[in-house]
Every structure is written in C-alpha cells, then in structure tokens.
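Each of the two complexes below includes chain A, the first together with chain B, the second together with chain C.
Up next is the complex of A and B:
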C-alpha cells in the first residue's frame, strides 16, 4: 500500500518541505532543485510500480493502466519543471511559492487519475483547480492574467457545481459513490423505481458538462483561448497537459467502469460533443493570429479526436478485441498528444526567455528557420506530429485511433475526423510557412550559445516524438501490458 | 537489398545537409554520388532481368516492425516497380543536374529534401505492406512541400499549401480505406495483417469493396491527377523550381498510376470492373480538358503542366480498359511521359534561367538565339505529342488499341486528345522557337545540359524503337493485374 502511493507521498512532502523552507529562508535554486529531485524520485518509483503493484480500496484504485498514466504525468511535470528556473529567475517577486503550487497541482492530477470514488475524484479535482488559479495570476501583473484567473476561477467553480449536482443525482439514483458499484446498484434501482434511470442519465450529463468544461470541449470551450493567452506560459502548459490529461483519464475510466455505454442518450451527446469539438476547434484555430490561442483551439480539436476512443469502446458493432483496441488507442493518443504539446510549450518558454520572441503573435515566429535553426526544426517536427504526418508519434496515435474507430464502424465521426484533420493541417502548415519566411534583418547576429539543459530537453522530445513515431512498438508494448482488463 | 537502397538515399540526404556547412558546392556532388551508388544494390536484379519466371516478385525482403498490428517492413520488386524505381533514380539524377546552377540558397537543405522525397517515392514503389506504403506515401510529401515552399517562385506558399492539402486529403481517405480493408480481412480470416499478398487472397463482399476501393481510388487519381482533382498541379508546377517540377512530373505523378495498377485493380477487381466505364469517361474528359487548357495557356510551364494532365488521362484510360495491351500501354505511357516531361520541364527551366521569363508572348525567335536548345525543345515537344518512333507513341498507341475493343466510343473521344496534343505542341514551337526575335543573345546549352538532354532523347528513342524488353519486364505484373480482373 505504501509502495503504491509512494510517488504521491514524495510529491506531497516536497511541496510541504518547500513551504517549510520558504518560511525559514528563501532560496530559489534549492527550491528548484528540491522540486526537480522530488519529481525525479517520484517518477522512478512510479515507473517501478507500473505492472508490479496494484492496490485498490473504496477511494482509489491503482492498477497498471493508472500507474502508466501517472508515470506519464509525472514525466510531463518533470520536463516542465526543468524550464521553470530560468523563467522564474527573471521575475522580481517571490518565486518559491510557484514550485509549491506546481507540485500541488501535480498531486491533484495524480489523485484524479487513480480515483475510484466520487469523493476522491472531487477532492483531487479541486486541489488541481485551486492550485492552478494562483498559478495563472502568478507574478504577471498585467490585466490579462488577472482577467484570465478570474475567468478560470468563476467558470471552474460553476463546472464544479455542475459536477457536484451530477454526483448528487447519481447518488440519489444508485445510493453509491463508488464507480464500480454504480452499474449493479442502478440495475437494482431501476427494478424498484422506474425513474432512477432518468436521474442517472441527467446526473451523468451534468458530470459530462463539468468534464467538458475542464477539457474545454465544445460547446464549453469559450474560456480556453483567453486563459492560454493571459496566463504565464508554464501555467498554460500545466493546464493544457497535466490538468487535461488527468481529467480525460478519469473520464475515460468512468465511462469504462460504470457501463455508461448502455445509455443511448449519453452516447449521442458524446458523439455530438466530439463532432462539434473537432470542427469548432479546427475552424476557430484557422482564424487565430496568436500562437497560444491557436494551440488552445487546436487542443479542443485534439480532445475531440480523443473522444473517438471512448466512443469506439461503447460501440455495439465492434469486432472481438475491439474494446481493448479502443482503450489502447486512447492511451496512445493521449501520450502522443501530451508529449508533443509539452514539447511545444517548452520550446516557447525557451524562446521567450531568450527574447527570441517579442510576443506570441504568429508574426514574431517569422524567419525562425534562419535565426534559430534548431528550435525551428524541432518546432516543425512537433507541428507535423500535431498534424499527424508519418514518422511522428502523432501520426501513429491517429492511426491507432482510426483503427479503433473503423473497427467500431463510427463512419460519421471518421468522416468528420478527416475533414477536421485537413482543416487542421492548414494552420499547422501556416506556422511552418511563417517560420520559413526569409527576413533580411542583420540584428540577430549575436547568436548566444544554446543552453545545455535546453539541448538535452529538446533532443529528448525529438527522440520521443520521432523515435516512438518510427518504432511505436516500444510504447505499444507498455500500453498493451497495462490495459489488459 | 531494397532497404539498403532507401537507406543509402537517406544517408546521402543527411550527409548532403551536413556538408553544406563545409562547402556549399559539396551537397550536389554528394547527391549525385548517392544516386549513383544507390544503383549498386539494384544491379543483381537488373542483371537477372525478367528471367525468374513463375515467382511473383523478383526480389523481396521482410523485417518485423510493429508487432501489435502485424506490420512489417515488407519490400519487394517486380517488373513494374523495378522500371519505376529505375525511372525515379534516373530522373532524380536529371533533377540534380537541373538544380546544378539554379539553387544556391541553402543548397544542403535543398538536396536533403530532394533525396528524402526520392527515398519516399522509391519506398512507395517497393512497399508491399499497406501501412508501410502509406508511410512512404506521406514521407515523399513533406520534403516536396518544403522544396516548393522555400525555393519556389513568387506565389510559392499558396501553391505548396494547395499541393499538400490535396494530397493529404486523398491520403487520409486512403488511410481509412486501408484500416477498413485490414479489419474486414480480419473479420473474414481471423488474421490481422497489412501484407499485400495475404490481403490479395481474400475478396471483399461487393458492397464493402466498393467503398473501400473508393478511398484508394480517390487518393490515386488526386495524385495522377484527373480532372476534378487536378487543381493543385498547374500551381505546384508553375511555382516549383525546375528540379522540383522534374521530380513532380516525372515521378510523383507516376505513384498515382502505380497505386492503381498495384492496389486498386488487383485488390478490388469486381468493384473496379463495375466502375470502369465511368472512370474511362472521366479519363477521356481529362484528356480533352487537359489538352484544351494547355492550348489556352500563355505560361510555358503551365502549358506543359496541363499537357501532363492530358497525358496522365491516357494512363487512367489504359488502366481501366482491363486488357493486357492497354495495361502495357499505361505502363509505357508512364515511363515515356516520365522522361519526356522531365526533359520539357528542364528545358523550360533552362529558358527561364537564361531569360527570366516563361511567357510565350515574350519569347520568340529562340531558334536564332539558342539553336541547340531550340532543337532539343522541338524534339521533346514532338515526342510528347506522340511522334511514332519515340516512347510516347508506343504508350498512347497501346492504350488506344487495347481500349478500342472494350470501349470504342470513348476511345474515339480519347484519340481527339492526340490532335489537341499536336495543336498545343505546335503552339509551343511556333510561338517560342520561331517568329520575330524578341530576346537578347545568350549562352546556349553547356556540356552538362547537353549530356543530360541527349541522354534523355536517346532513352526516348530506345523506348520508341525497341520497347519489347520493357514490355517483357512488365509482363509478369500485367498478368497479375489482368488475371485478377478476369476472375
């Protein structure tokens, strides 16, 4: 039991230690080192846990799937934490608290991933959300960040309220808060009172609404672009990767465990959300001239694609083995998208720190190929991965998803996926195009040498994105071992 | 052996890129060396020739890749793909020679992309695992996109994006079809495989075969290109630098025809036979439309691009006539068009390099200024309009003679394409070569260009006078295709 939750203990105690040290003596570099080492140890223990430890009680369930996804999340946090120091070092305000909030957000995400009970789910979600709110506002005194944090706070409270109401209705219908008990209790409940199924469906829809807010799925996506634009980059990265991955994982497990697929209204709502997200995300991204807003809308679209995984699982016409295919596809796509997106954020943080970008307007990327060949090259690979071009991990993720969806014969959704991908390709290519533009400026001649840490991170990301794109077997084997159920 | 071929090209690409930082004249030499040395792995196959009868593939090799989906690196050559691989390598060489003086900006990266797209194309011709085929199909696209987007002319971005989007749209449909085909096969046989040979064993039921076939078909005719989907080609050609136009016309378009012959016809014989009349009508329309559009162009490069559409119509026409002779004709037409269009684009590029214009109204009297170049241009123009004795004639003649028995009326319409070809061909000759002199004197073709063009001319002459070895080499593949259709 202690082995299973050891990563949490490590991350949680790192956060507490930072709080304690900050009270005694502030020291930025030690805090940063503590964060990084805490996350590294947590990652190692988590990796050991994958496939060896499984533990479950009423509140949490740690099995190989959740361990693998937790490991992914700690890895993302670790990579991001390496880029925090250069950024925070530049600001004049207190810096140490950011690390604490960062670790707490990470802890919240981990709790959400393994939760097995509505109470632990809600607890984890609130730890995650409430840490992100100050992180959005952190040491950025312009009005954009303030606006963003208030928007996020108010809207996520409303979403939480919806989730709570949904939990309440489900409790009313079934009398249990444990995910795995819901199907049996519901079967008993419908036998005695005929309207408990209705309450269950309404409750589920409310939870779906709250979750689609957290995942910024259309039509609950209106907040996402403003917050991506207003928040500090590192916070945006946490929000876009950790928070969304955690909520998606939970959502996916919820669908899997509690037999929601037996209820056609839920499936049609989910399909509708998927179609709307794919189209709205990509179409709105077309119009953006700010790279952060563009990424925000593209993430809506990508979560729309990802919904094909759960939907393929729920389909009635799939071939034998289709369920595990869909589950693996979801996990693979999630890993692929998270790694790619985090790579883009790390790149942007670096460019911003080095004053290679004036702002996040697309025009400021102009001529990046000739100014910063390496960054531009990595960026191209990452964009191609988002667009799903072969030999990148993003392509194989999409292929996996398409296989699962074809297997379940979701033809309409696949048609939308094709159209949406082509629209998406257009703006990914536009970014590459802008970076290729030749600018005749001689001002950027003072080429500073690249930081070794940055080179290391970038080569790691390229290795992951291209390496796993060429040899996806390595990741598939891990996922296959982890998603047997 | 085949993997080596691709690896040599990719290695050459990387070395060319790196060598740029040492000396910017190195990359082109490295490109030439890697193209020539990639012939080495092929030499035992060329020596053996078509003698290995009975076997489906001249050479094949397979390595495991992604075990979850039973995907392997399954590469193989038969006569058809061998011919196309050789064409790719030769035209790659021509492209490098075209770029010799034209490309000076970031030449390392240019040759990197050029060799990568060649490697992708050769991969397409060799891959017999459907997943691998799709990967190569897309790989040849990205470097091509960069080549047009970085080194193209004024409107290059628009052209590059259009090119990419059209091809990618087809590609995604093909991906859906591949997945559907593989899963339907899995449903029937309980075996998940992307292997071409194994997929060939099973025939799909009629209704599903039609939809699966359609995905492949659209992807391939976008590439070919056939009229409703031809829009990207004139723009891409006009904006691309000469070397890229050469690759595009000589090789990339052929991947579409190859795909039809290799995948659509053998995998879905009954569905193909069902749509054959409509496809042939479309092809005939494409032939006429391409010819008419070519005639109305003022831009020399655009004219040649539209003539490509017309000539590729013959390939589609021949493929769907479903007779041995017509299939032979389609293959010959692909090879001959590869050579003649490469030469035409190279010549247009040479004119543009000298006079910085491709406008037919501004050219004129070229014969007096550049006699050698003009003679070559005239030769390749008449080759492309199908003069007997040259390769294109054999291709078109076989296509038409093979199709006449199947579809006499449509064949008569398609023949009109030949007349149109003569009209726009003569328009080039008349407007650019003769008439009043409008241009300043300029250096005529140098030895590099002369060697290249004479080589191509001899190749066309050989194809036209003694095509039998080529037909023999392709016979095995043609048997496979037409036998599948007759069943």
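Up next is the complex of A and C:
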C-alpha cells in the first residue's frame, strides 16, 4: 500500500516540511526549491508506478489508468510550480503559505482521482476546495479577488451540500458507500423495494448537479468567468487544470462503475448538459474582450466536448470495442486539453510578470508578434491546439473523441460538437489576428533577455503540443496500455 | 413507539431549521440552530448511535455553536448596539427555542424512564465508541489521515486570510 500511495506521502510531507521550516525561518527560495523537488520526486515515483503497481481497497483503487492520470496531474503541478517563484517574489505578503496550499491542493486532486469510496471522494474534494479559496484571495488587495473568493466559497459549499445529499440518498437506496458495490446492491434492492431505483436516480442527479458546478458545466457555469478574472493567475491555473481534471476523472469513473447506462433519465440529462455546455460556452466566449473570461467560457465548452467520452462509453448501441475506445479518447482529450491550457496560463503568468501585458483585455495583446515574437508564436500554436487544427495535439484529441462518438452512434451530440467547434474557431483565430496587428508606438520597448526557465518550459510545451500532434502514437500507445475499462 | 419519537424529533429539527433561516437577528438564528443540532443528536440516539449523538452535542452544539454565539455577540459593540441588544435579549425572544428544546427534553426523559422492551420490538445493537475507534483506525485509517490534511489545509488558509485582514486594519 505504501508503494502505491508514495507520491501522496511525498507531496504531503513536503507540505509539512515547508510548514515546519516556515515556523523556524521564512525563506522563499528554499521553499520554492522544496516544492519543486518534492513534486519532481513524486512525479518520478508516480511514473514508475504506472504499469507496475496496482492496489485497491474499499477506499481507493490505484490501477494503471488512475496512475497515468495522477502522473498527468503531478506533471501539471510541477510545470506550474516552476512559474510560481517569479510571481510570488514580487508580492509583499508572506509567500510560503501559497506553496503549502498549492501542494495540498495537488494532494486533494490526487485523492479525488483514485477514490473508490464516497468518503474519500468527498474529503479529497474538500481539500481541493478549501485550499483553492485562500489561494484565490492570496495577495490581491482589490475587491475583485475578494468577490471571487466569496463567490467560489459560497457556491462550492452549496455544491458540496448537494453532493452530500446525493451521497446520502444513494446510501439510503443501496446501503453502501463503495462505488463498485452500488450496482449489485441496487439489483438486490430493486427486487425487494421498487423505489430504491428512484432514490438512486435522484441521488445521482444531485451528485451530477454538484459535479457540474465544480466542472462549470452549462447550467451551473455562471461563477466561472468572474473567478477566472478575479483570482491570481496561478490559482486560476490550478482551478482550471488540476481541480477540473480531478473532478472529471472521478465523475467518469463513478459513472462507469455504478452503471449509469442502465438508467435512461440520467443519460438524457447528461446529454442535455453536454449539448448546453458546448453551445453556451462557445457562444459566450464569442464576443469576449477579456482573455481570461474567454478562456473561462472556452473551458465550459471543452468540458462539454469531454462529456462525449463518458456518454460514448455508456451508449447502448456502440460497436464492439467502443467502450475502451471511448475511454482512451477521454484520457487523450483530457491530456491534450490540460497541457494546452496550462501552457497558455504559464505564458500569461510570464507576460504579466515581465509587464508585457497591462491587463487581460484583448487589446493589450495587440502587436505581441512584434514585441515578443517567441511568446506570440507559442500562443498561436496553443490557440490552434485549442481550436483543434491539424498537426496539434488538440486536433487528435478531438479526432479521437469524434471517432468514439461515431462508434457509439451519438449523432445529435456529434452534430452539436461540429457546430460548436466551428463557432469556437472564430474566437481562437481572433486572438491570433489581434496579436498580428501592428502597433507603431510600442515597438521601441527595450528587449529584455528571456528567462532560461521560461524558454525550457515553453519549448517543452510546444514539443508536447506539436510533437504529439504529429506523432500521436507515442501517447496513444501509453494510454492504450494503461486504460482498462 | 420509536417511530413516533423519531418523527417528533425530526419535526422539531425541521421547525428549528426553518426558524433559523427566517430570523433577522443572527443571535436568534443561532439559538434555533443549536436546537436543530440537539434534535439531530436525539435522532442519532434513537438510531442506536450514542457516540455520534454525544459528538453532535459536544462538537456542534457545544464548541462550534458557542464560539459562533460569542463571535456574533462580540461584533456588537458601542452604546447604540448595547441599547439595541437590551431590546433583543428579552426572555420572551427565546420562548420558541425553549419550547422546542422542552419537547426534546421530554423525549429524553421518556426514553430514560420506560423499560427498553416497550420501545422496540426488534433488538437494537447500539454502536459503541470502541467499535467506532477500531473501525476508524483499521480499515479507514487512510480517511483519518486525509481528514487531518483537510483540517491542516483549512488552518493554513484561515491563518493566512486572518493575518491579511489584521495587516489591512493596522
């Protein structure tokens, strides 16, 4: 067991070590180094674990799929932690707490990904939420961050309350909190009392409601833009990548393990949520003039696309092999989207730190090509990847997802996906056009040399995005080997 | 019989919860919230979980709620609010809470006075504190640790936010 959860132990103990060191003496650079090295060691152990260790008990199940996704999470956290130091170095508040909260948020995400029991799921989710709230409010003295954190705190408490009520109802219907025991208990339950199925459906809908808040899926998406705008960039990145990826993975596993496909009402509600998210996200992003709000709305749309994966898996009419294809497609798309989005956030953090961006209005990106050619080039590639243009990883993610959806004959959803992607193309290309515009007055800025760390990170991300876009086989083979469903 | 007692306690819990939400004054709302906690604790007791019932009273009604009441009361300071509070804290304001908790008290007295076999036809096995402890520290040990980290997270977050507030004030 200890081998399987070794990455957790490493991340948790680095958070504790930072706390102890901070109690003795505050030192920013050591804290940053400790965070980075802790995450690196955790990543290495997690990667070793992927195909070697599988462990499961009532609470957690560590198999090759969850290990692969955990490794993805740690990789995202590691890449983000490299950009924390230059940002935190500029603020006047104490900095060490941010690293502790960051590591604990990462740990919460890892717990959520592997959880197999409602109690571990809920505790992990709460670690994630409770560490993100102070991270939103970390340094900004302005009212934007305060508003964002209060909104997030209150709304996510309500979502958690819904999830708890749903868990209660499912426990009432089945008498178990373990995901894998739900179907058989339900089969016994329906034989004796007919309304246990009803309670299960209502409970699942409540959990769906809570989860669609956490993933900002369409009917519960109102908070997301304000929080993306108000929170510090690094926190937004944690919220948009780590937190959402963890909750999505959990949701997907819950749906598979507890056999949602047997209950048509749940599937139709889920399809409705997917359609609404794809359309609403893209339409809202269409005319946004703030890049963070634009990213927030585009993330709604992307999670709408991602829902096609679970829906394809639960489809009743899928061709043979459709289920595993859909699982692989979901994992691939998740990896592709997370890497691309994190790249954009790292880029924005860098530009903000170097004072290359006054605010996040799209106008301040004007002429970026002439001021900051490398960043603008990377940004272009990442935007093309989000839009799903060939030769990027985003294209293959979408291609894979469409293939899975065709295989499971989800024609309506597929139609909406195509329309939504075409709408989405407009605003991604608009950003590229704005960056290309020439601004005469601002060209005389002095050219500071780029940080080596930033060049390294950016080349890694471009290599991943383009490299895996050209040779997707490398990732597909790894995912095929790891995905078991 | 035990069903009747449950429904009575559940009604008290619901009524107190509704009264909590509809009160205009925070302290009055908290008073009803304590009554809700007490009623829920009685429900736990009826289900054969005396340990959970005791925890409910000690942790919620005891520690957290009293802390809540104190904080809320300390926020009111100055001459004007003292005069307002003289109006607010008349004994008649607590009448509702007293009546509701009296119902709960009567239930407890009844439960303690009648012989056990009157209450329920089937034998109920109460869950002891020892059983809970053994379960928590054997199969659910991981959850205990995760919960510890959750508390640590909340502590660090609260610490940071509170200090920031203090610096802003000074």
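Everything below uses one rule, namely that the second predicted complex is superposed on the first by the 481 of 485 C-alpha atoms of A that agree within 3 Å, B and C clash if a C-alpha of one lies under 4 Å from a C-alpha of the other, contacts with A are read in each partner's own complex, and residues count from 1 in each chain.
Note that in this section contacts are C-beta pairs under 8 Å (C-beta built on N, C-alpha and C of every residue); 3 or more make two chains touch, one makes a residue touch a chain.
In this text, all values refer to a predicted model and were calculated from it rather than measured experimentally.
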### Message
Per the contact definition in the header, classify A:134: touching chain B only (first), chain C only (second), both, or neither.
### Response
second
### Message
Applying the document's definition of touch, where does A:107 land relative to chain B and chain C: first, second, both, or neither?
### Response
second
### Query
Of the two partner chains, chain B (first) and chain C (second), which one does A:426 touch, if any: first, second, both, or neither?
first
### Message
In the overlaid three-chain picture, which partner chain does A:63 touch, first (chain B) or second (chain C), both, or neither?
### Response
neither
### Query
Touching A:126, do we find chain B (first), chain C (second), both, or neither?
second
### Message
By the touch definition at the top of the document, which applies to A:160: first (chain B), second (chain C), both, or neither?
### Response
neither
#### Entry: chain B-facing residues of chain A, complex
319, 384, 389-391, 395, 399, 402-403, 406-407, 414, 418, 421-422, 425-426, 429-430, 432-433, 436, 471-473, 476-477, 480
### Task
Please name which positions on chain B make contact with chain A in the complex.
65-69, 131, 134-135, 138-139, 141-142, 145-146, 149-150, 157, 160-161, 164-165, 168-169, 172-173, 175-176, 179-180, 182-183, 186-187
#### Entry: chain A-touching residues of chain C, taken from the complex the two chains share
139-140, 142-143, 146-147, 149-150, 152-154, 156-161, 163-164, 168
## Note on the structure
Within their complex, chain A touches chain C through residues 5, 12, 15, 19, 57-60, 93-94, 97, 100-101, 104, 107-108, 111, 119-120, 123-124, 126-127, 130-131, 133-134, 137-138, 141
